[in-house]
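Next come two complexes built around subunit A: one with subunit B, the other with subunit C.
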Partner chain A sequence: MSKYRLRGRGRVDSSKPVVFTFDGKPYTGLKGDTVASALLAHGVHLMGRSFKYHRPRGAIAAGSEEPNALIGTRRGPGRFEPNTRATVQEIWEGLETTSQNKFPSLKWDVGAVNDAAYMMFSAGFYYKTFMWPRSFWDKVYEPFIRAAAGLGVSPTEEDPDTYASRYSYCDLLIVGAGPAGIAAAREAAGKGLSVILVDENPEMGGTLLSEPQSKINGKAAWNWLEDELAALQAAGVKLMTRTTAIGYYHENLIALVEKLTDHLPTLPEDTPRERMWRVRAKQVVLAQGALEKPMVFHGNDRPGVMLAGSAQTFLNRYGVKVGNTPAVVTSHDSAWYAAFDLQDAGAFVQAIIDTRAQVRQDLQDEARARGIPVKLSHTVTATGGRLRVNNVRVNPVSGGTNVGAGQWIKCDALLMSGGWTPSLHLFSHTKGSLTWDDDLTTFLPKDTPEDCVITGASRGLWGVEAALRDGAARVGEALAKLGIGSSASEYSVEDDRTGSGVMMRELPTDRSPGKAKAFVDFQNDVTAKDLRLAVREGMRSIEHVKRYTTNGMATDQGKMSNINGLNIAADALGKKQPQVGLTTFRPPYTPTTFGAFAGYHRGEHFEVVRKTQIDAWAEEHGAVYEPVGQWRRARYFPKAGETMDQAVTRECAATRASVGIFDASTLGKIEVVGPDAAEFINRMYTNPFLKLAPGKCRYGLLLGDDGFIRDDGVIARVEEDRFHVTTTTGGAARVLNMMEDYLQTEWPDLNVWLTSTTEQWSTVALNGPNAAKLLAPFVEGIELTEEAFPHMSCVNCTVAGYPARLWRVSFTGEIGFEVNVPAPYGRDLWEKLWEAGQQYDITPYGTETMHVLRAEKGYIIVGQDTDGTVTPADAGMDWAVGKKKADFVGMRGLARPDLVAPNRKQLVGLLTEDNSWLEEGAQIVFDPKQPIPMKMVGHVTSSYNQGTTGRPIALALVEGGHSKMGETVYIPMPDRTIAAKITGTVFFDPENSRLKI
Partner chain B sequence: MSKHISSLAPSVVVDTAAARVAVSQLIGRISLRARGDLAAVGNAIGVALPTKIGTCAKADGIEVACLGPDEWTLLVSLNQIEKVEDALAALYPSLPHSMTEVTGREVTFTIEGPQAVDLLSIATPRDIASIKVGEARRTLFDGATVVLWRDAETSFRMDVWNSFAPFLATTLETGAKELAAELA
Partner chain C sequence: MIQIHCPYCGETLPELEFAYAGEAHIERPLSPSEQSDEQWAEFLFLRENVKGPHFERWRHLHGCGRFFNAVRNTITDRFYITYKAGEPRPDLATLLEEDK
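Right, the complex of A and B next:
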């Protein structure tokens, strides 16, 4: 046991030693310790280096607000995490921790040369220094800044941990389990409400854990705490520890991050590391407490200089004296108690230095009774010591600014308190307004649009009794809104430590303030001098000061620095604080892992993947997949050793030679039913549909209001009042939404309903000269002849024993069928056709072959050959627009002047002169000899070299292309320019002779 | 990603102390859209249509959930589909409506066990407690639209379009194991 540990004191378990390492050296702590408390128990204050000046730093706080003591933690491969706060990380047997921002070692760091050159690195130095010369930016400045900037080292291995999420609803959520939060929970408990109480610490109690001396309603604080928590538990209140409320969003949605395993020596199976809770609470009580302010003086960042309240926490909660001969500097009464506690625990407090002239007599008496020297109206002007404070320079002040001669006082820790700042983070997330309180020199909460109340120290109250009473009273407002009456319980607290203080800016000094390293933002190394410089250089708003100096922009989000920064900036501007403003707090409250946000959505579960009922067959047959919208679709089916090009070439040839089988199940399908079904379809699509007979299919082109092509598909009139509409795979949901939108807002008079049937059907497409021969034996109810079942027919029949909607359609130019059977039977139908198809050398093909075969026929793919700026005329599809129709969606748009202008980009075919393959997306010019930048007149939309025409083909959008048949255009590529001739878009069987059975 | 799910092959997805998830057998489903004289529809199919969204009705061999102001899902045994369809078809001339069979569209997971509600809450933004026993809701689970039927305090059915089923099965499996680990 080290000399700083007080055996039996605090809430750590003396009987359970825990060994962990810091920078490779083993240390023994106790169960319940954080890395910081365990290191402090060994007298280790130096825990890291600051990130700009690489100054040695130690823990300044004891909780999640800690800006300095950032460490790396490691638990075997992949489980390294930088920037963990040593004051939060609980120790467990075998934990490996490392300090950061040091090279080659924490105690001797070459980067600290920045510290010596600190005059160069003042506020705005990035903006000033690296502007010139411009050419240095890429090779010198940026790499240097990137190497120097950032905290810690990014992990390089994949995170093997899992993360979880949970939605939750409750009547009342209480954030913060200090006295106010617990009192609030107590009022709400047992009233039939669902109540959640959360706290970021491993145990609840808040300030009570650090102030065990008080007696609440006659009970010792810790006994009271234990009883209260047990009572809450018994009353069904959900108590969540290690759970941080990171953000407060609209309509009382609060995000909580629960840490489940970071404190465990071994990881339990199936247990996520963290869980993100999204809690929708009817009422919220914010009881986040207050954060202590550092004092701003030269050398206030030296290891061993820390917040007085935190020293009290280390003492009372962890049983660790942060020093044996500490000194205290303060402008608030609370630090006096820290001095008393330490003195009573066996330390020798060297002095209490208070900047105030007047301090409560009882405090002075208590100090004298303990033999602690008191220095009122004094300031601190420097600290000494290399890696740990070993003395402090103290000067008397008179008249507020006259600083007398300094005197050095030896100490092994310096505890400071500049007063306390109410924690308004979550309150501010609600867009809550703040009001400036001159007496407390701080912002206090005012109004919030959300259903929440704020209580305790976070609204400026001080002392355990005040917090308890306020928690009990304020929750009453929330309960009233829930329709529950309550009368706040009474609390009386003995030995309560109330107090007050005054606000200080930089402490007065007899030395040059321009040379003072008086830190305001410890993590970002921002000093008081930087803030004043920013104001001198023209920054007026606190938002500008913040960005110019980076004050408050570190991972602690200005928990330590915002108010000190504001006070100094306001002083420099000669304005009152509220006129200078406060920067906005934004979620998350504390740094949060990406894993917590991702939850279950990582690796193979990253995003929704939809699979057809035939997908498993494709997988078993070696399909290579591609994502299409949310679907995964078989792209091609390579045989052993085949490249994609070889496989697609084979699939194309086999389909044209005999028969190919294709899973078209992903096509969007919408059942349109009702007496006005035909009228509705006729209004939605450009093509005429009123006279389409039942049993017939027709191609349909869907435009937006603007007249541009949005979607297309084949539409079958199944019965008089029933249509089966197909859409593109990716467009299914969009088209259904668009149709519903028109139906509900434009044409509510139409008697028609839409039902998504995309997934009702498995759709198997057979294409090729032998398609009819293969299919015919399976079909009952129709003969597959040219006469009985011509191209673009549909019929309800039986296929392979299953009820089916059989269509004769073709997207390949070959004889084609699409067999729709209820989805679960798709796989069986496919296998039966596959088996019977062996006699025809049936070939399964994927989306790539589908793309090639359709391009050979000049069939467009919406979204590939169109891009939202293509009209039917541009696409050469005027034939699809009903000339005699009274109206359809997009008709008026098509009449716009720019849509009927000549020389629009039009879809044409391209054949390269040298038979080379064009790259999709390649730009096209008319004159390759024109000066650069050339005028680009279009681009290649589709290009294939795996087809059956014996040469590469391409489709392209070219300015005025339809009137340029036979002309040559040029496609400049990085290595050469390719010439191509403009042709029609149909490259194969222009007479459609192959469609005939 | 090699999980494949079909109503033709009912199977247990996961079974832990927290919850058991299984794929149900194929059942007849009809999506019904209608307005006007709903009593006539009720007479035709043999069960009065519930009219409050989320409420359900049940009669011999048929179960109905109201999912929208003019939308119902009908569950019937496979051999009853034709009968119901014929009855509705006979009504069509006097009360036009949309009857679309969607038997093949969905896969149903049964989710039951002491922590069935918690399991649903890992990926359903909706308050599960607001669904009363005997009611149904269209909602989301892990990014997919589902219909949740609450059959008992800790027993649910989840209908989801079949293509989403493998993805959701993975979520349910992960969650059931996570919850079981929490119990241990």
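Right, the complex of A and C next:
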């Protein structure tokens, strides 16, 4: 049995030893232990090093609020997690744990040199180093901060665990299963309601687990607890342990994280590690209890210095004495009980040091009866001991501030209590308002906009009986809103421990407060001195003080530091606490794994990948893909050993020489149908559509009402009242949304239906001189001749036996067809054309070749050659704007003064003088000799090196470009400046001679 | 997550099904060409940016697809009312009174 373990005491199982390791050394604990309680049972207090100063630290608390004892836990490959609180992690046979922030070892740490340089790293350190001296940043500060910043180390392997995600709905959700939460659940149980009671701990009971001495309605506390939980279970209340309510969101949506396997020695099959629940509750009861405040004095972070209530938890719940000769320093009655419990358990309490002059007589009498020395009106001014406290310096105080001579008292632990802070985190998530209570020197909950009540210690009620009665009463308000009457059950508690105390800032000291290392935020190493310095340096709001000092910004979210920090800042500012304000609590309540948030959305499920019916063929033929919106599209089809440039050059040449085949299925498609379909299209697009005959296609340009290009595509009038509209691949949803907006809200009188048909059609494009020859044998219903089926025609016919919408269109400058067949037939059609195309050396090409071929013809790609500030005139596309139309979307916008102003950026071609390739996005200047910063007059929008013109071509937006044909502009690059001549945008076959069959 | 009542579906559904669509009751002029530059600029660009109850449009994007109007408090995200497109702007004072 380990040295500090009390056999048979607590809720751990003495018959079940569990061996785990800490920094490689094996320790034996008991089933039910946390890593912290098991280490403390062996007298191990040193569990980690602090973040900034690398000071030795031990567990200060016993629960999820612990700021110091952060460890790494490992369970084989991939299952490493840093920053686990040793006070939460349950031990299991074989668990490997390691301390953090130490090198080379926890006991001898090189980084502790920071501690010696304490004066350098005070408040605002991060901000000051950002500013001065600049030259130090790269070589000194950044490497230092990078090495020192962050807690623990990130896992390097992929997480092999699964994380589940579930929704749940209930009438009543109760957060916190201490006395108040259990009493609330009991009131609601058996009334036909769905009730969920959650608690972050492995077992329910809250403070009762640490205070077994009380008797509730005549029953011993732990018997009462067992009976109550059984009764709740029997009444159908859903009890969830190891489940943390991490956030409270709009309209009673509460996020719960349920930990399922972290406590198990072997992982069960098919069980997720964690499950994120999104619970929509009709009513919520918050019963999260209160957190104990540390006291602020020099050396309050030494291992062995811990919260008195936590020492009581280690003793009563885990059967572990945190020391044999502890001392107690407090300003609150509750710590006296911790002293009594420890003394009764066989420890020798060296002193109870209370800052108050007056303390309840019954407490003093009990201390005297146990032989514990009591020092009222005393302060603590220092602690001693290298890696563990071994004495404490105690001084009398008179008149509040006069500190007398110090005296060292030996001790092996120092228990402190600065009183209690209601846990208001979730209440604050609801945007609930708080009110300052002068007597309790803390904030209390006031109003909340959500359907929620808060009860027990969370609203400043101390003691088991008060919590039970309040839980039973307050849940009545929630039940009444659910239409259920109730009368609160009665509770009477014997040996209840209630108490009161006073608020202290830093404890008074006879030493220089400027040299005191009196910690307020233990995890971020923020001292009282830092907070006062922040105020002296001009921080006035608590939000500024917080960011300047990082007080409350660590992973414990200021659970221990916020109120002490506020008290000290308020004192330094000479204001009352509510005038200084409390920083905002934000979810999550405790650190939460990325896995829990991601749930199923990982790997292939992270985002939808849309694939066409022809995608698999492309994969089989070695396509290299690129993402376009959510689609993956074949970018090029390299042959063995080909680079992208070589493949694209070959694909371009083959298409222009014979025939290329291209999967255009991702193009957005919208079916516009109804008696007013032509009128609608005519109003939406710049081009005239009223007179477009059925069987004809027309290019359409879509503007916003501001006059800027939004999208484009070919539109076919399939029938009198039916249009097949195409959009850019990425713009489909946006265009449909815009069309619906105008149709529903501006022109509800138009009788038109819009339907997305993008996924309904497979679209195979054939381009090249042999395209008609290849396709003709497959087509029934139309002759593919210049006369019967001229360029920009469409027809409903049969292709390869499939019903088809056949279009004669070209985005390459070659003879072109787009065959639309019902989506499932796409691959079969493609393969038939592929087979028959072998006689023409048919070549499949991807988006890269499509881009080159269109750029050679000066066809724009919306979103690449335009950026939301380009008009049709800027793009040289005035021809697409109907001049006789009464109105279309964007028509009035085109007349705006800025849009008709001279010197707008206009789309032009660029040919480099030295035949070099330009980088897309590169900036353009007129005069390369002007001083820096140069005036930039445009940028390269598209640039290709692989085309059929035998030289690199580029498109660019250039100020006044249309009137600068033949002039030279310059593109400064890091290594040189490239000169280029402004040209028209058509680089290939300007006469359009190749479109004729 | 907010829940929003779609006046067309008649159901209160999670925010995820909906898309915000800007300020409500901004009507596109019937004859844009007759608008002055100032009028057109106001129509295009000027919005209230209210802190508090705001008349705004939403679309039941992943449901019925309809655009509708709403009055939402931009501080608390509380929806006072949702109503069909084309229905008149409700009286704000009455709404706020009813909400008490």
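Assume the second predicted complex is superposed on the first by the 939 of 997 C-alpha atoms of A that agree within 3 Å, B and C clash if a C-alpha of one lies under 4 Å from a C-alpha of the other, contacts with A are read in each partner's own complex, and residues count from 1 in each chain.
By our rule, a contact is a pair of C-beta atoms (placed from the backbone, for glycine too) under 8 Å apart; a residue touches a chain by one contact, two chains touch by 3 or more.
Computed from a predicted structure; not experimentally measured.
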| item | value |
| --- | --- |
| Partner chain(s) touched by A:D159 [first = subunit B, second = subunit C, both, neither] | neither |
| Contacts of A:H250 with subunit B and subunit C, given as first, second, both or neither | second |
| Contacts of A:Y825 with subunit B and subunit C, given as first, second, both or neither | first |
| Contacts of A:D451 with subunit B and subunit C, given as first, second, both or neither | neither |
| Residue contacts with subunit A in the superposition, subunit B compared against subunit C | B |
| Partner chain in contact with A:E786 - subunit B first, subunit C second, else both or neither | neither |
| First, second, both or neither for A:D437, with subunit B first and subunit C second | neither |
| Touched partner set for A:R896, first subunit B, second subunit C, both or neither | second |
| Doubly contacted subunit A residues - partners subunit C and subunit B | 278 |
| Subunit A-facing residues of subunit C, complex | 1-3, 19, 21, 27-28, 31-33, 35, 37, 40-41, 43-44, 57, 59, 61, 65-67, 76-78, 85-86 |
| Partner subunit A, residues of subunit B touching it in the complex | 1-2, 4, 6-8, 26, 31, 33, 70, 92, 96-106, 118, 121-127, 129-130, 142-144, 161-164, 166-167, 170-171, 174-175, 177-178, 180-182, 184 |
| Contacting residues of subunit A [partner subunit C, same complex] | 249-251, 253, 278, 431, 449, 705-706, 737, 740-742, 744-746, 748, 886-887, 891-893, 895-897 |
| Residues of subunit A touching subunit B in the complex | 162, 164-169, 268-272, 278, 280, 600, 604-605, 607-613, 615-616, 619, 631, 666, 671, 673-675, 721, 751-753, 755-762, 821-825, 827 |
